[in-house]
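Structure below; questions to follow.
For clarity, chains are labelled A, B and C in written order, and residue numbers in each chain start from 1.
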């Protein structure tokens, strides 16, 4: 529960400092609080809605005040936190790992098969960030080229599911999941790792067209006409 | 039920007249109906999904036709309704209060603690407006500086929860909630009350940085370098 | 189940080729996969969440890999698929019909009345497309003037509900629903059928204003002052 509260607090704080970029948009205090709640709670809400449960964040009086407080604190002390960027990045990676581990474990214990459990776990980890961007009406950051964020969560949650399938206890698997997520995320930030941009095969061998084949052909290194 | 239908109808009508601003976007009749349904139903849907129930609006044949009818009526008679702006504002404030009271009561009777009940109640009240803006892909209005809207709902639902905790009957508490919400909302519109815009403390005392303190320092009234 | 997987695959593929329009946005591979999952799964997720069930797509290991594979395949072979546009349009119409029929049947068997069942069925059919546009932060396509898409689903699902009410078996009604949806959609694409844009009655007869009538008056064919 303390870990949960901490994760929600860090999420909210992140959301509020992110929202601070949009100074020209005239977000008011309530707007900042809403972004904070959405960023901190979003993943957990989506997880519990998908699993058909009443969201855990709504079963205690503590979560909402922590999220609102962290968001308003993040707004006021934005200058401080932007100087502490490295600390925040590490804490945020920890949050990503924690939410991923909690979400995947919850999905597995709700009886979901392996792949959906990975999906629900990863969505728990990154859902807040998606909801934040949708509320701010900006393109969803994690779908775009940038330091691996969702991928870190995917690596962690996949490992957790594999370990559990191999008979490792949940606790150990969860710790490995968090450690791996944090490691991948921080290495990605340090070394600017990112996924390739979307691309299409610019030239399809004639063969493929004729056969209407569905398998991806290896692209011949030929010059292409269009940009 | 009549109050519910009325509230949904007014919500839909509001949504359709709001959508009318986006004339250059080529919204078609179905788009107007969807915006109407989302605005009228949104809050109730979010409430019931969070409480893990099948949305009440889906349990009767009446709600959807009322929402669609109100939306298309609102579209056709937009000129009429823009002349009746004051009536609409009052009716909308009433809707805000009603949805807030219904949502908070439903959350309390589902066994939620006080603060989550206030959250669910307020979200019931303003959820339609949020969903409307997300569907139209415009920034969510209620997060921005403007006449108190969500705050009116928050004041009403908080009062309801406090009164119930003090032993007042639900009915009386709900009436007070609606009355208070309507009053705050209308006074806010009349006197242009609004929440302050997001801001950060421009200058943090050196002390705070050194100590990594988390508490907000009182900002010294000093000139700041950046805009 | 095979039909279901096929429908999800086609939906994902569609989503990915749609996302390919936004080349300047720097969507990465994960972004394409997310858009694919959202387009393929969105309708089913919304359906199951509204019906208060754990989404069927999360109960099997097959759905997610199919959606991701179809999305990445669609991205790589976009040139091939844009040449096969006609095939894709037909397959997509089939998907629309299948999701509509599955959604309406599920809603009816969950005990929903006729009109909400039509709503849930149509939302199943078009939900993926709505979610896709919200994630990409572009205006929701189906709310705008264009070839009938949601209307085709509405026609199919309404017919299904009417037939079931008349005592026709679910199987026959579902087949008719799919056939009708496909027909309407394809005819709409061929003949550029579309719904009228939103409009208001530019001139309200004085009578209406005085009586505060709610019924839509027949507009007199008079010249109007504003554009």
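Note that contacts are C-beta pairs under 8 Å (C-beta built on N, C-alpha and C of every residue); 3 or more make two chains touch, one makes a residue touch a chain.
The shown structure was predicted, so the numbers you read here are calculated from the model rather than taken from an experiment.
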{"item": "Equivalent interface positions on subunit A and subunit C, same or different at half", "value": "different"}
{"item": "Turn needed to bring subunit B onto subunit C - CA fit, degrees, nearest 5", "value": "120"}
{"item": "Distance from subunit C to subunit A - Cα centre to Cα centre, in angstrom", "value": "28"}
{"item": "Touching two or more other chains - residues of subunit A", "value": "49, 52, 134, 137"}
{"item": "Parts of subunit C lying in touch with subunit A, wherever the complex brings them together", "value": "19-20, 23, 25-32, 34-35, 37, 45, 49, 52-55, 57-61, 63-65, 73, 75-80, 83, 134-137"}
{"item": "Sites on subunit B touched by subunit A in the complex", "value": "49-52, 107, 110, 112-116, 119-120, 130, 133-134, 137-140, 142-146, 150-151, 194-202, 204, 208-209, 212, 214, 216"}
